[in-house]
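Right after this note come the structures.
You will see chain A twice below: alongside chain B first, and alongside chain C after that.
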Partner chain A sequence: MEGMSYQRFPKVKIRELKDDYAKFELRDTDSSVANALRRVMIAEVPTVAIDLVEIEVNSSVLNDEFIAHRLGLIPLTSDNAMSMRFSRDCDACDGDGQCEYCSVEFHLNAKCRTDQTLDVTSKDLISADHRVTPVDFGDPAAYDSGDQQRGIIIVKLRRGQELRLRAIARKGIGKDHAKWSPAATVTFMYEPEIHINEEMMGNLTLEEKKAWVESSPTRVFDIDPNTGQVVVVDREAYTYDDEVLKKAEAMGKPGLVEIYAKEDSFIFTVESTGAIKASQLVLNAIEVLKQKLDAVRLSEDTVEADDQFGELGAHMRGG
Partner chain B sequence: MNAPDRYERFVVPEGTKKVSYERDTKIINAASFTIEREDHTVGNILRMQLHRDENVLFAGYKLPHPLQYKIIVRIHTASQSSPMQAYNQAINDLDKELDTLKSAFEAELAMHSRDY
Partner chain C sequence: MMCPVETPVGKACGPVKNVALMVHITVGSAPDLILDCLKNLELKDIEDISPGERAKGTKIIVNGFWVGIHRDPDKMVKTLRNLRRRHSIRNTYQSAMGKQAMGIYATNYQLRMVCIWLLFFFYDLSVSVILLQNAIVAIASYSGYNQGDSIIMNQSSIDRGLFRSLYFHTYKDEEKRMGTLVKETFGRPDRSNTMGMRHVSYDKLDDDGLVCHGTRVSCEDVIIGKTTPVAQDKAQGQASCCTRRDRSISLRHSETGTVDQVMLTTSADGLRLVKVKVRSVRIPQIGDKFSSMHGQKGTVGMTFGQEDMPWTVEGITPDIILNPHSFPSRMTVGQLMECIMGKEKVFAHYSEENEPYGDATLFTDLNVENIFNALHKLGYQKHGFETMYNGDTGRRLPAMIFIGPTYYQRLKHMAEDKIHSRARGPVQILTRQPVEGRARGGGIRFGEMERDCLISHGSALYLKDMLFDRSDAYRVHVCKHCGLMASADLEKNSFLCKGCNIRTNMVQVHIPYAWKLLVQELKALGIAPRMFT
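== the complex of A and B ==
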């Protein structure tokens, strides 16, 4: 039986793609793989986030740890996070994270000198590495058109208040702390398969059809105005709520419609925090999952130890 | 206070093996694999992949306790195979599946950016 393969060949179709959003279909695999991908995207794809903050001056209304926490939650562009080192296994430094391989330094220096409240935002964070900067959510159109506030507000300062600090960003994963998660939301749904029993449906009056179509909380079905037939307008709007099935039963027409969840077909929705592109998030998740699988391969000495045992095993099996 | 460090969840302690293998003492072709610092992500895909193997009579995994960061994968195979063979096969097949998935996604991505 050596060499027998039970491998699958999944198919992908991207429906919609933006920098921070992706919607795609995944077919010919099972829910365990879909769920593993989802879990990895949320908790195990690495990004960079502020992890250590040294506050020099803080006369703002927020206390030091409050500000440190807020700084940690700011998404930083992490396109090179996959190739960075975790500071705990960085040989170049003592693990206090100040070398180019595992950390990036930030400075923030703000003082309010006017009577108007000063907003300290992620724009005021000065990075030592141009590849790692706070993400820019600003709509370029709004920027051109006026003095729109951009960046993420960290704290507001009144006259005379000052904030001066040094921060170190490190590579990490969402499992450690959610601030390292590159995913805003990652979900998948099973693709539904909807079969309308046309014969039974044809026997309904228009009123009955209307009542039945209305019973769905989401707009899955509609009535064709020309033919008066019930049609599926958006099967993915179906939330597996069973309302239409219950309605059919209540009308004394069980089996009017049959709905199944396809077990090998998934629709993924991925939203990124902006730390990495949504498409890159998916690719990185596949890569991380591959690395995880590689790490759980049996080591040579485990196999050897069993081989010695194996001779005995062969006897037990009857040679 | 006495909470375990967060990194305990994913850093394998020094001197500990990532995967250890233990044969069943009573049943031939049955064994348990203890995988340190892994969870449902790996456990479930391994289990489901093992179920596709006809020589596997039983495959299951458990997370013994939420604060013990390990999983135990138990495999029982028919005499033509062995738990170790099935385990390696499952990992290889999943690895190849992910390669296929990766290239499929990249191909779609190339198509999509061209349409932009």
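== the complex of A and C ==
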């Protein structure tokens, strides 16, 4: 077994990249790898989120726990979360939040002095560290139109009501609490392979073709207006719903089309909460995966542990 | 108000009447809706029929009035039957369950001092007083943690606030008058002059004997301090130091929370009255009970994070996974219809001109068939199924999963209020067996069937441990001569059988205290059960 290698060389092709959205292809690897990447993006890429709230004054209609929960769910810019420390591992502080390595302090001070309802939003949270601030969802175009973007509403205050608090944000992962998850949506699909039996399809009347094409809820197939041939317009629109297969069966034409899922190519869609960029989310996830593998990887001098790890040991030694 | 389906299940079965203070009692109701429906089913109105036609149809009578004729009454009745969408007993179950649901019945709940109150952080809909949330429900067999009416809930959704609720519990007490001169008083009991103080924390009380609002309180902390004066002659041995007796109220031992509000007022009798409202947040956890609006209740069997949940190609993970076996025998088609129609309404593009309508029944033209077509046009599998992927492996699930939004209510039965265990604790005075009940810190009954189980396993020693050593183990000395219990002084190592008047030939036996009790009671009846070893 020594020296035997299962190493593959996955390829990534980026299709679309925006700040909070990424779409890419992952090829030449297994579903286990694709799924590990998905799971890590959702649950194990660290971000910063409010974890401790000290309320000084709260005369609003919402109780303290309610406000603390809402504060926790506000996404904070977490570009430096990877290099921060978990407060449980931090030896520079005793977890009181005054430490520059593991926590960021926020202050909120709002009081309504007018008859108009005051919206307390994430913009009212004053951060002690300019790198960690509430995510700005403000559409730049909205500023010009005078429509003020006020961030995420925390609570509304009436005349005389007041909210004063100190909050401490810490590094964490989505597995511990969903507020630390940087991912809004992470999903992948198996690239489908669609084979139309041209001979059988050619024997169908135009009406039959039309009915068959329309049996798919998503627009996967269409009829070429010139040739009258059924063509695949968007195979990735296929959701593995089997509707076209059932329709073919119902028409008495089983085998009209054959659809397989490719086992080794995946199309990922990643949306971020804004805490980190979608592209960074993918990179961080790979980094976290590598760290996890490092934790189990065996060095050359622990070959004796092969009893325990067997084939895997050789594999992990870089075979 | 009387509901045709609401009834208690079982013994107290029968219609339920509720008469409110401002009730207006009606006799009968307008038949317009029924007439409209019948007209849609080809009823020929009495005004439109010619004398010759009468004989050709069957008379239709509504509320005692002849309204018209129908040519094909069989078909009409069949159609009417088809309008029913679920087993009516499910309506009955829902009527019973609605009473256990969390809800708002007054909007001033922040000020009210009601005994127990449950409330959602967020809700999507309220039907009269019941609060509902729109959960994304998948009907699937996944991981096996949703067998037999249990459900799997998405922990990430819970973290984000799904079914998070508030629990208010109000404690009250008053300064009762004892006799004409003596009166109880609120105040912090002082260990130096108060007797009967318990081994719990009195530190959270202010000088006035009440907790301050905003204080965190946990198991058995005293929240209302109250003492009564003790007459000096009654307080026997402790007369010198103790002038007062403790009558404080502490939190129930299983509860924790924050003091929300403290109210001090005067009761109708002119006595000082205090109410303390304690608030806690109830986050859904394993064992909590939830229900849809179709009598489909279930407890949480497991919570999974988003990454472990099955997902659709769009990245949707369900909030709740139900077991498919909950449906065939109960025939709650209504829930499936609610789900599929909800799904259509979620994705449909509605505007002011094109407002959502319909109820999935045959009464409107938005029936199930049309929902299928609408879903298909929106790009979804028309029966509401979706291909899903296993969260653990990333592989496609072999079956397609029915998934969509469904209203769910949270019921008041929560694991936190019921969880109980005991290692050691109080025993009954009479039998010296462990007491019963969670509130008293009692034992958990090891009943006949459990006993049978251990017998059939042949685990005799464990059985003895259960029923004897961990229950009411006791030891007596028996006179070998007469077989009756003798008195013993183990310190002096002296024994005496009063009947035989001998001091030797004794044997020590280990018996349950309950057996010792029975022997003594039989003796009192003139029966002498003798123990020979």
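Criterion: the second predicted complex is superposed on the first by the 294 of 319 C-alpha atoms of A that agree within 3 Å, B and C clash if a C-alpha of one lies under 4 Å from a C-alpha of the other, contacts with A are read in each partner's own complex, and residues count from 1 in each chain.
Methods note: a residue touches a chain if its C-beta (ideal position, glycine included) is under 8 Å from a C-beta of that chain, and two chains touch if they have at least 3 such contacts.
Every value quoted in this text rests on a predicted model; they were computed, and no experiment measured them.
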Between chain B (first) and chain C (second), which, if any, makes contact with A:His177: first, second, both or neither? both
Comparing chain C with chain B, which touches more residues belonging to chain A? B
Quick check for you: in the superposed arrangement, does A:Ser59 touch first (chain B), second (chain C), both or neither? neither
I'd like to know which partner A:His69 touches here: chain B for first, chain C for second, both or neither. second
Quick one: is A:Arg39 in contact with chain B, with chain C, with both, or with neither? Answer first, second, both or neither. both
Taking the superposition as given, does A:Pro10 touch the first partner, chain B, the second, chain C, both, or neither? first
Can you list the residues of chain A that meet both chain B and chain C? 32, 35, 39, 175, 177
Where on chain A does chain C make contact in their complex? 31-32, 34-35, 38-39, 42-43, 61, 63-66, 69, 73, 174-175, 177-179, 181, 185-190, 217-219, 239-243, 261, 269, 271
Of all residues in chain A, those that touch chain B in their complex: 1-2, 4-14, 17, 24, 26, 29-30, 32-33, 35-36, 39-40, 44, 88, 173, 175-177, 279, 282-283, 286-287, 289-290, 292-299, 302-303, 305-306, 309, 313, 316-317
Per the contact definition, I'd like the list of chain B residues that touch chain A in the complex. 6-7, 9-11, 17-21, 23, 28-29, 33, 35, 38, 40-42, 44-49, 52-53, 55, 79-81, 84-85, 87-102, 104-106, 108-109, 111-113
Which residues of chain C touch chain A once you look at their complex with the stated criterion? 110, 121, 155-157, 159-161, 164, 166, 258, 260, 279, 281, 305-307, 311-315, 375-382, 385-387, 391-396, 400
